[in-house]
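In structure tokens below, several structures.
Common to both upcoming complexes is subunit A, partnered first by subunit B, then by subunit C.
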Partner chain A sequence: MWLYLLKRVVLGVAVIAIAEAFLLLMIHAVPGDPAVALLGPQATPEFRAQLHQQMGLDKPLVVQIVTFFGGLLRGNLGFDVFSQRPVADVVFEQLPYTIELILVSILWAVAVAVPLGCYSAMRRNSMIDQAVGIVAVATIAIPSFVMAVSALLIFAVMLGWLPAIGAGTGFADRVIHLILPAFAMGIGWVGYISRLVRASMLEILGENHIRMARSFGLSEWRIVTGYALPLAILPTVTIIGVGIAWLLSSAVFIEVVFARPGIGALIVNAVRARNYPVVMGGALVTTFLIVTATTMSDLINAALDPRAREEL
Partner chain B sequence: MNNIASGISRRSFLKTGAALGGGVIAAGMPLSQVIWAAEGKLLKVRSMEDINKLDPGFYNNSQNVDVMNCIYSKLTRYKPGSEWGWELEAAEKIEQVDPTHIRFRLKKGFKFTGGYGEMTAKDVKFSFERAIKFNSPVKVDWGSLDHVEIEDDYTGVIVHKTPFVPLWYITLPFGAGHIMSEDAVIKATGDGNDFGMTPPAFSGPYLLAEWKPKQYVHLTRNPDWSGPKPGFDEIRIIPISDPKSAERAYQAGDVDFTWVSLDSLASFRKNPPADTKIEQHPSIQYHWIGINVDHPKLKDINVRKAIQWAINVPQILDVAYAGEAAVATGTIAPGLVGHRDKALVPPEGDLTKAREFLEKAGVSDLTLTISVESADAALAQAVQAQLSQIGIALTVDVQESGSFWTLGMESEGERWKELQLFFTYFNSVPDPHYATVYFVSDQVGIWNWQRFRSERYDELSAKAATVSDPGERATMYYEMQDLMEESGAFRFITNGSTPLMYRTTQMQAATRPDGRPLYNDFGPA
Partner chain C sequence: MATVQANRAEANGEQGPGTFLSFLRQMSKNRLGVLGALLVVLVFASAIFAPLIITHDPIRIMVGPRLAAPSLDFLLGTDQLGRDTFSRIIMGGRIPLLVAFASLGISLALGLVLGLVAGFGPRWLDNVLLLIFDTIRSFPSIIFALAVIGLLGPSVTSIIFVIATTSIPIYARVARTQTEALRNSEYIAAEQSMGAGTTRILAVHVLPNVIGPLIILVSMDVPAVIAVQAGLSFLGLGVRPPTPDWGAVLNDGYNYIKNTPWLAIAGGIPIILATLGFTFLGEALRDIFDPKLGKDL
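Now for the complex of A and B:
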């Protein structure tokens, strides 16, 4: 277990280092200039040179890579080109909003989808199973930004029940501001996870140990929750780990539509503005999140499945 | 169903939800101004971007200046209304003594917060000279500023090396004109350099109470402010970059003032939200199609003129501006000195004339490329269709914005050599200098991507910035725009349009003629 964790940490560091180095190379390959993005025609050649020097863009690529990783080891991610604020501050003040959005989206999706998937499997081919199947495929097919705009129009504009934009201040306010974005982001996952759980459950419910449990006269509820679900949920846990990366991409649209703060919109804006230090800092954090999420999903799998534990 | 639903307010919905949730939410629910409709004198407005610089000596966009206007003072300020004008703010008097000297006298009693005392001529000198001292990008706003002389505590003289007329409209009443406390800035920075996002002292009608990045800027009244009392106790400026989201936020009541996108304007006019006033202001941007005169395919002026005459501007405005923007007659927008009544090439163009120019050039089977930002692809397709009518096959090259903005720059590689046609626009300021200065010969390969060169133009550009007589100045700018057009390197499209809407039950909005908000002048309903 500990060896496994150590391996994952080393692998994670390698992934982050490769991703950041690759990003630095791409930054050099892509045309564009932060001074121009910042000031347009008012960007004088002197100011552009000054800004390039300040960002280290006038130095050879190798020096830039070494400087970046040297700074990283000292906990210094550089400074936002425009506001001159430390990148770490800029990134970490946005990060909680994206994390809460992703967590709430996935949690409510799991909370709804797992029972739906179980129920569909237990009532296979019933009317309800078929109805759930149709709705699930529909929710998977509708892109989250379409869902976001529709939800915003219905619940914020037409009905006026929920706020249209922002992230709110204070715990309750933030929860209220999360309802629509999390709904829009999680709804597709309800369909996806419910289908996945259903398929896994059907497979598990047909296995020998389940038949054995039935022959012992255990209740169906006990069989499903105690024996089938812990195994049927394993693929879902793996998918959720990988899905964090997908959710980070979806978060960009959701953050823009709901004018929410967040790391997705931050990185997109930074790329557009060629605000390279923020791009690097943001990418560093998102890579870290993805590595952590996949590791966590492996660990949860191991906790749930003794066979997986043995492989660690 | 609809009636029942519409009868449930956000407040009752949330309270019901909270009660159903076991009172957990209700117990901790702050009746936040973000959620609830404006109560009291709170002004809730949208900005297009978040702020990223509050040092006026280094400002970089209008969103920052909108906030600076509220928290700092300047010698002069823009007058709200439909015509460009300025009035005194911190200055009791200001006059042009001679072409290079401007004398000002400060009002007494303008105080800096934080115990930094009264605003004096020493602070003015410090604030204006630091842009030059630290080679700020804002120093271009000061033209040939040499120094500021202090005559006494309240009086000083702004001294230029050569006359610089744009100062009155782009510098003193705008970003760079804000006056900071020398003591406060030195204490905060050590040397007086850029203090970024942490203002060391305020001197305007409002204080910066809170800035939540990407969420809002919250301003509250400055108790030390001795000028005219602004109409609202608090201002909350909410950055919403997506125009459609901003419109939805307005409809939902989350903001009470926003700009409207051109393609939504007709629908809002037809079905305006309740208690809403929609205004459409002329913008001071300039949008044009540029033609690289150095490209081998475009060296012949007849080819360029053929393109100019083949382009039908009103059609383009219908396609790309929802028919809501007016035709441009040049780079200088309506309302500014030097705006021409009409262009040399009529807006609709003339295909017969275009074909004649092409015949004169002896060119056939011409294939060209137009480079545009991704947002302008529809416009490029319209031009493609128009040029096809005279036998020019136009390829549309769509570029991501960061890449697009360096296309014509010699310092950014060799791409400028391949550049043929491009569509772009520049934001501007209310003086004709900045609508023309980027096309002088010195700017070739920097911002003059047309690579247009004219000695006469250069001479007029330098001279027009020093002439204070509006009539004489206007004549020079007319000629400059004629020269641009005669070169065949420009097809002027529009100066843009700035529609906005606000809730009349909440406010009386006040803007510059181009629709830029002047929050200090907003009044309650």
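Now for the complex of A and C:
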């Protein structure tokens, strides 16, 4: 187990390092000068040189990579020339909004999907089970930004029930502003998790200890909630780790559609403005989050199922 | 020898004549699969015959009033520049399909080769390739796409590059697992003992067994690619205006959502139909050919 843990952590660090090095290389490989892109073609050479120096672009590539990773170890993600602030400050200021959105989305999705999955498994091939199955596949397939624009159009613009944009101020207002974004982001997960719970529930309901419980005359409800669900929920726990990556990707779109602050919106705006230090910093922090989440879920998986440790 | 051939063909799911008929029979029982196939045909037909279907020039501005509601003249209304939305939607299906086929074709070919190499090659090479696959796989593809497009600039080529790069490891890993399983099988050992070279074994004996599951996986990835392409266009990081494209129309609709709902609806519906169609079709194909596939991915 300890060896497995060590391997996973080393792999995680390697992933982050390779990804960042790749992005740094790309910045170099691309024709054109980031400083020109930032300042526009009319900038004086002196001004450009000054910016080069500020961004560290006047030094050789190897020095830049070493400086970047050296800075990382000290928690320094670089300097945002636009806002004249450290990139770390800019990124971490936006992070809580994204985490809040992801947590609320996954919580409501799990809360709805688990009972739905259990019900589908208990009434297998009933009308409701089949309907849930079709809707689940549909909600998984439809992209989150289409879902978001549809929700915005129906509930904010046409019906006027909920606010369309922003994150709100004060607790109640923030909760109200979270409803639509969290709905658009979580709906696909309701479908996915309910199918997952249904599948593992069906598998477990066929096992010996459940037949044993049945022969003791326990009610179907007791069997499902008391004996089957604790086992059937395990794949969901591990998939949520992978889900963080998914949700971070949809957060990019959800934050743009609902004009919410957050790390996804930050990266999109930085890409549009060609603000490389912020793109790099944002990509680094999101990669870190995803690698951490997937590593954690793999570790939980390995702790529960020793066979998983063999792979790698 | 003939029986060996026949057995292998059976294992591959090629049951000789009548296979296509039995496929059609199974397919027609799967109602969602039929719906998916119809939607896919609709999407392809409208993209291929687009120039014959459109009612106006999709990029000419002010062919009608701005932001008009649907009418007989403008079937889905007009956008903020007075362009015909229906014509833009019909023409706009070409880019998503082009991106999907180009990027998935590239990643299928490269993933297959890398997977065969990793599965059949020496142990150290397998480990190196696996590390690279896992690195790319654990990198969030949208964030990667944004970073690369931020650098290369928005274009169809950048999108194809990004999608191909992020999909190769997925196919390569599947191909590798299948190859590794075949590597130790008896008929491969028999081939080796008869003096067949590695290239011959890979091309003639391993490849036909590996490619089937991969093609099903690719068909199941088409909706995801369409979603990424439309999403990037929606963010203004896809095609350059005035090129018609579903994501771009949806973005116009989003920007003018307070003025008219029609533009947003017109931009969203084709994306929904296309992703649903390819999803239903892909799931049906998987259920018919390889029910176990994709469950452990």
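The rule is simple: the second predicted complex is superposed on the first by the 270 of 312 C-alpha atoms of A that agree within 3 Å, B and C clash if a C-alpha of one lies under 4 Å from a C-alpha of the other, contacts with A are read in each partner's own complex, and residues count from 1 in each chain.
In the analysis below, a contact is a pair of C-beta atoms (placed from the backbone, for glycine too) under 8 Å apart; a residue touches a chain by one contact, two chains touch by 3 or more.
Not measured: the values here are computed from a predicted model.
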>> After the overlay on subunit A, what do you see for subunit B versus subunit C, clash or fit?
In response: clash
> Is A:N125 touching the first partner subunit B, the second partner subunit C, both, or neither of them?
Replying inline: neither
> Between subunit B and subunit C, which makes contact with more of the residues in subunit A?
Replying inline: B
> In the superposed arrangement, does A:I176 touch subunit B (first), subunit C (second), both or neither?
Replying inline: first
>> Looking at A:L23, would you say it contacts subunit B, subunit C, both, or neither? Reply first, second, both or neither.
In response: second
> Looking at the overlay, does A:V271 come into contact with subunit B only (first), subunit C only (second), both, or neither?
Replying inline: both
>> Per the contact definition in the header, classify A:V157: touching subunit B only (first), subunit C only (second), both, or neither.
In response: both
>> Is A:V146 touching anything from subunit B or subunit C once the two structures are fitted on A? First, second, both or neither.
In response: second
> Of the partners subunit B and subunit C, which touch A:V257 in the superposed model: first, second, both, neither?
Replying inline: both
>> Applying the document's definition of touch, where does A:L248 land relative to subunit B and subunit C: first, second, both, or neither?
In response: second
> Where along subunit C is the clash with subunit B: 23-31, 59-67, 185-193 or 221-229?
Replying inline: 59-67
> Between subunit B and subunit C, which residues of subunit A are contacted by each of them?
Replying inline: 30, 149, 152-153, 157-158, 256-257, 271-272, 274
>> Using the touch definition from the top, list the residues of subunit A that touch subunit B in their complex.
In response: 30-33, 35-48, 50, 80, 82-85, 90, 93-94, 149, 152-153, 156-173, 175-177, 256-262, 265-266, 269, 271-274
>> Show me the residue ranges of subunit B that touch subunit A in the complex, using the header's touch definition.
In response: 5-6, 8-10, 13-14, 18, 25-26, 28-30, 32, 34-35, 52-53, 60, 135, 137, 140, 194, 196-197, 212-216, 238-242, 244-246, 248-249, 251-255, 400-403, 405-406, 409, 411-413, 415, 426-427, 434, 438, 446-447
> Can you list the subunit A residues touching subunit C in their complex?
Replying inline: 11, 14-15, 18-19, 23, 26-27, 30, 134, 137-138, 140-143, 145-146, 149-150, 152-153, 157-158, 245, 248-249, 252-253, 256-257, 267-268, 270-272, 274, 276, 279-280, 282-283, 286-287, 290-291, 294
> Any idea which subunit C residues touch subunit A in the complex?
Replying inline: 32, 131, 134-135, 138-144, 146-152, 223, 227, 230-231, 234-237, 250, 253-254, 257-258, 261, 264-265, 267-268, 271-272, 275-276, 278-280, 283
